[in-house]
Every structure is written in C-alpha cells, then in structure tokens.
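Naming follows writing order (A, B and C), and every chain is counted from residue 1.
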C-alpha cells in the first residue's frame, strides 16, 4: 500500500515552493505522459516539455521557469530531477530485511557479524570475514576470507566477495557481482602459461554502487581501489589494480584493463573500454563504446568509432578505410603538383 | 539411453517425404561430416552440400532439390533446419524436474507455489512471489517480492528475479541471469550522486528465452518490457524501461541502453549496442558490434565499425582517420581549383 | 602470518643467482615503487627501471643486465616475471578447503564424489556427475547431470556446470562462470522462433582457467572445446561449438561466436570479438576491441577500430567516414585528370 502525502507536506519537507493547493494528495509517481490522477510527475528535460500541457498528473515537480505553463499544481525546485529522486524514495517500499543470521546460513566461528546486521538464507560467511552493523547481506551471498562488509551496506542477493575485499559504508551491490576474484595475471614460460599469484585485495569506498554481474578483480600486489561514491552499472569489468576516483560513474558493459587509473567525476559511457596502465584525468567523459588507447590528461569529452549506416553503404566506406593511408598520400601528391613552387 | 526411431515413423510424425527405406532406424543426430551409422543428419545450408556425398549418416533431412544427390536415405522437408529442430528434440533427454518444493528451499508463507510446480534445492521464494503450474525453478534461484514465474516456465539454475518481475508462460531462463535489479538511475547533486528510486518492474512475454548471465533491469517508473518470443543470448544487458518487440533476437553481449525501443522481428548482432531513448523500427538487422546512435526508421541492415587488418597497416589508416575531415576539405579545394568556372 | 624466507634459500630453491647477502629475509612482495623493507620486488619491464635506484625493497628479482644498477640485494633470473610468479606463490596463503562433502550440500545418489575431493556448502551435485580426487568444489556450485570435475580442479564458488561438461585436471574456475548452458540455436518458422535442441557438451582441457562470470555454451551436436592451458579472463562469452587451441589466452569481455575455431598460442585482447564459423591461425594476436570478420590464416597482429579523439574533432571525422567511398572516387577522378595520357 503506497502512502498518501499531501503536496503541502512535500513542499515543506523537501523545501520546495508550492503552486496550487497544498491539500491535494499523491500516492505514487508517473511520467508526464502516463501519470494518472493521484500521481506526481516531474519535468527535468526540455525534451518532455510538450507533454506538460496535457498531463493527468495531480502535480508536477519543475523549474520556476516552467511553472507558468503547468496546468496542474506544481512543486518548484532548482533541480527537479534531484527533488524527484528524494520524493520518489517515499514510494519505494522494499520489505526491510530482518536483522540476525538466517538459520540456514553457514557462518564461520572465525567470522564476526554485528548484532544489527542481517545475513540471509544460504549465505556463507568464511573465516576472518566481518559484517558491520546495519549491513544487509541478502540470500545466497558468499563472503570470503578477510572480507569486510561496511556498516549499512546492502548486498541484494547472490553477491560473491572472494578474498580480501573491503566494502565501505552504505555500499549497494546488485546480484551476480563478483568482487575480489583473481586478477588475470599470467607469465609465459617457454611453451605454457604460469599463474601469477594475486596477493592484493579490493577496497571499495563509502556510498559506491556495483551493478548486477559486474566483476572487480583483486590486485596482484597492491589493491584494486574504488574511491567513494563510484557508481558502476551492470556487467562492468574492472581488472586488477585499477583505481577509480571518487564520484565517477561507469555505464553498463564498460571495461577497465589492469592498472588503469581513472580520475574523479569521470563519466564512462556504456561499453567503453580503457586499456591497461593508462591515466584518465578528472572530469573526463568517454562516449559509449569508445576505446581509450592512450592517457587522457585534459578534462573534456572523447570518442572513437564510426557512425552507423545502411550496411550497403557502410561496406563501401569500410573497404576504403583499409586504404585510407594510400588515399591521403595520393591527395598529398595531387596537392603538391597543384601548388606553385 | 537414446530412443531408436525408424525413418518411416519420423516421416509420418513430422509430415516429411521419405526417400529410401522406412525400416532404417536412427538413435541420434550428427553433422554431415561426423555422423556415424545410426545417426540422422541434415543439410540446410548450401555451404555444407559438399559433405553430402560422403556422409556416413543413416539418413539426411534436406530440401527436395538436394534429394537426388543424397547417397543415403532422406527425409525431404520444406525447411530442413526447422524439421531438424523438431526431430532433434526427441533425442534431448534432460532429466525431468520433480514437482514439489525441495525440503532445503526457503519459501515465504506469503508466496504461492502451484501444486504441479517444481522448486529446487536452496531456492528462496520471497513474500508475494507466485510460481505457476508446471513451472520449474531449478537449484539456487531467488524469486524476489512480487515476482511471478508463469506456467511452464523454466529457470535452469541460479536465476535471480529481484523485484516486481513477471515472466509469461514457457519462458526459459539460463543460469546467472539477473532480472529486475535496480536500473542505473542517478541524479547529480552539487558534488555527489543521488540514487533515483527504481519503482517499475519487468514484464517478460510468453516463450521468451533469456541467456546465461544476462541482466534486465527493472524500470524507473514504468516497466521494462519484452514482448512474446524475444530471444536473448548470454551476457546481454537490457537497461531500465527498454521495450523489445515480439520475435526479436539479440546475440551474445548485445546491450540496450535505457528507454530504447526495439521493434518486432529485429536481429541484433553479437556485441551490438543501442543507445538510450532511441527507436529501432521492425525488421531491422544490426550487424555484430555495431553501435546504434540514432533512431532507425526503416527496415534493413545497418552497420558501423572498420574492417580488421594487419596491425601495421591498420595503424597507418587509423592515424589518417584522425584527420579525415581535413583530408576531405583538401580534396574539395583541389576539385574546386580543378573545375572550370 | 607470512612466512619469512632468506634470500639464500630462495636462490637455491628457484635456481637463481644471488647478488648480496643470503642472510637477508623477506616476508612478502611489493612493487618497486611501494615495497617496504622486508619485501621482495621485481623488475621485468624496462618501463619501471627508473624506480630501481630508489626502491626500499630488501631485494629485487631482475635480469643480469640490470644487476649492476641494483642498490639492494638481487636475485638474478633469465625471466624475472616467471621467477617472481614462482616465488610469490610462497606468500599466497589461501585457507585450504577441507576434504569431504559439507553437510548442507545436496548430492545425488547417482553422483560420484572421490574421497579426497571437497564439496562446499550448498552445492548441488546432480545425477551422473563425477568429482575426481583432490578437486575442490567451493560453496554454491551446481554440478549438473553428466558433468565431470577433473582431479585437482578448483571451482572457487558459485560455478554452474549445466549439462555434459567435462573439466580436465587442475582447471580453475572463478565465481559466476556458467559452463554448458544451451547454445543460442534458433530456427525461424514462418512467424516465430523454434528452439534447436543443444545436444552436445563442453570439454575443457587440463590447466585451463575460466574467469568470473564467463559463459561457455555447450555444443549443438558436437562439443564446445577448450584444449589444455587455455586462459579465459572475466565476462568472456564462448558460443556453442567454438574450438580454442592450447595455450591461447583471451582477455576480459572477449566474445567468440558459434563454431569459430581459434588456433594455439593466440592472444585475444580485451573486448575483442570473433564472428562465427571463422578460423584464426596459431599465434595470432588480436588487439583489444577488434572484430574479426573473416578467417585469419597467418600469424601476426591484427586490429580494427578508430583512434580516440576529442569528441568535437571525432564528430567531424566520423561524419566524413560516411562518405569515404565518394571521397576516394573523387580523388581517383582528380588523379586521372591530373595524369598525362
């Protein structure tokens, strides 16, 4: 059952300016285009402004500049998306985990579980592991030797912390994530591979989020590090000894090779790749699917790749790419001949 | 033990025309090149026609046009691959799951498991979950709050349905898939990220297939949707609020960003990407590893990328790409000078 | 507690030449730049030579040619990285698994577990499965019907062997890996997809390593095969009927489509892709994120893609790529006009 909240209450609680009656009540959220009466919507991007006039929402969170065009009650915010995020949390009713260790869990006598922590069904907590107060370890998690789950962190389900992994406070980890597996370290000896022991760990800062089926390997000698408030989407691969600066966000399927160092406040697009042993400065944006092949020293937006086209046209252009150097040489020749001495 | 079936029986049961003796018996399948006597093979692609003359198979499923060249018995089909798929199912003897809830499973009193359904070892079925008749939930699955597994669906093992996920009928989900995790929704507030609650769910239509370690996030406000008969290979990432039309198939490692809308009967190649908030029309083919950066309105085949070459040559061409605009301008200048006024 | 080892002991045990006192003792390893006294470091790449003069390590493993510049004791090796890998294993103290079947595991009466093998908490071992002597099956593994885990193999945790999977000896599999799921086989019948039964299995040779969340599908008719000493990093996708030759290594997020055949001693870079039904010769290197679209017959290094640039410049160049064929034609015209008849 969703709670009912009056607009007056919302305005007061979140410090917003109310336009219209404070008596009106909302019980949930909806997009401008699909909200029904009783729902709250928001307008954060100019792209959706056209939907404002006809929305059936009871109220809309928006900027002061858009308030005059709003046919319904409005909550005026400097940043409507931020205000929406805070208000929407009121309607996010996930059942709370019960504190305590589920009777089915297997917890080593050499592990420490804080009193207020929750350890779900079928968890395995191995020797030397520590689960701090208020942490929720959902069903099917494996917390390996010498791993620590910081206070208030939440492992949704089926998360594996392999070895020497430290999660800070309020870290959220989604199902299928594997943190602290062996880095991919191999030495080639004559005619076969020799495994290089991976003796480091992983350190994840406070307020990080790790997406479903994302993998973060532990370091070869030193640790793999995510500073605080790093946000990783699903299916991201972070290799050993990577260092990611605070507040950086990586979209789904991005991959970072060994010992790369990413700065603070970076935005790495979906499927983008960063080669090993490179440095990426603070405030760098890499667009989706681009591959970083050399260090980037300046903030800014960077890209690689070619545009999508009808396959018939693309084939012709792609074939020419194979001889682009020749083409450039020929043009240089023509230009030389053409220019007066 | 594989069943033995006579060719006569197969012809009758699957409505095929038999060439040769109906008495011959097959006990399994093999490729044209490696089949041994007692096995059934098929010829569906002209590429393999050369192997027909020397096959050791007892019989071959093929088109009428190839029958004259077949040295063995033949089953003649309009579409030999379709006929093969149906017949091969006879030899696919996976042990059937036992109905009932395994004693080790943890099932909430507020969940509903139909009588004929099977819930395997170490499953966790949470409050509000429903498992319909004939569904098989293999070992180590987590069925979260308000999730529904439709009649006849099969979760092979270690599947996680996180929250508000509805699977239709006969949906097949492979191990490691995570459906219904939080979408990647973040608002930037001054100097840090603020999580945007993900209040929607996921709806998966009848007869869909979801590959191993594939992830499908739940919607931010509305649902993420797969219509019926959508086929996802392994390690695919489907972000929140994506909508995929019926009968579309996505090959391994494809990724679809938030709120993208893919039409019906689309074929998305391995590792291809589709950016957020785009639309892809019905019957569009995207070749492997291409990146869709704008909406595609017309059916057809689309591609991006460059061809693979020896690294030595590629380096030269790639270096020229960085100055392609300049090159094009220079050519335009030369052409201008060259043309009579 | 790390063991303390004297340099004299190390020199003797690993056949290295000692420079300096054999009495000095090391208790762990460190990088040249961060090692503290009591640690052993190594110099394997010229790139790090600059750090040698100021290292605080007690001793450094290096080549004879670098020994004169070493300010500390040195262990001289023909291949310092190989020597490091062997020595570092001394300091890699992972708790050993206890032999025997954990009481929480569910083992079919029709499965065989060798006496010396270890089966961890919440494992499910199904009918027809075999776990050989010395194998360690960590927590939360599912060993499906007709699967075999070879002697001395180690499934770290949460590994799924679905059906008809054979692992050789000393195979190491990291968490979240799914081996033997259905290949992505579909026949299109009129207006919908028909599943093609996947009747083959997977064979993994001795000394292979399979990364976290990597997926290897079983074959459609014949088996998917990895020969011995194949090394797969995390999140790799290997489709049905792929064959990978001995000693090849694939970096994170690489993907190999159905029936592709990769030779021996190949190096496949991170995120690289190989299309289906292709052959890649022995000793081929594919650089990161390149896409192999045709068979490669000769050893060597191959690449595709374009270099990363500032987005503003990249946009211009990318726009020109869409008309590259036209550009080349225009240049050919100009050259023709330019050349004397």
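Everything that follows uses one rule, which is that contacts are C-beta pairs under 8 Å (C-beta built on N, C-alpha and C of every residue); 3 or more make two chains touch, one makes a residue touch a chain.
As the structure is a computational prediction, the values presented were derived from the model and not from experiment.
S.K.: Over half shared or under half: which fits the residue numbers at the contact of copies subunit A and subunit C, same or different?
M.R.: different
S.K.: As a multiple of 5 degrees, what angle does the CA superposition of subunit B onto its copy subunit C give?
M.R.: The best-fit rotation has an angle of 120 degrees.
S.K.: From the C-alpha centre of subunit A to that of subunit C, how far is it in Å?
M.R.: 25
S.K.: Residues of subunit A that touch two or more other chains: which are they?
M.R.: As it turns out, subunit A has residues touching two or more other chains at 104, 122, 140, 158, 176, 213, 235, 253, 305-307, 309, 319, 321, 323-324, 327, 331, 334.
S.K.: Quick check: in the complex, which residue numbers of subunit C touch subunit A?
M.R.: Touching subunit A: residues 28-31, 34, 79, 81-82, 84-86, 88-89, 91-92, 94-95, 102, 104, 120-122, 138-140, 156-158, 172, 174-176, 207, 209, 211-213, 229, 231, 233-235, 247, 249, 251-253, 270-271, 288-289, 305-312, 314-315, 318-319, 321-325, 327-328, 331, 334-335, 338 of subunit C.
S.K.: Quick one: which bits of subunit C touch subunit B in the complex? Just the residue numbers, please.
M.R.: My answer: residues 104, 106, 122, 124, 126-127, 140, 142, 144-145, 158, 160, 162-163, 176, 178, 181-182, 184-189, 191-199, 213, 215, 217, 221-222, 235, 237, 239, 253, 255, 257, 273, 275, 285-287, 290-294, 296, 300-307, 309, 313, 316-317, 319-321, 323-324, 327, 330-331, 334, 337.
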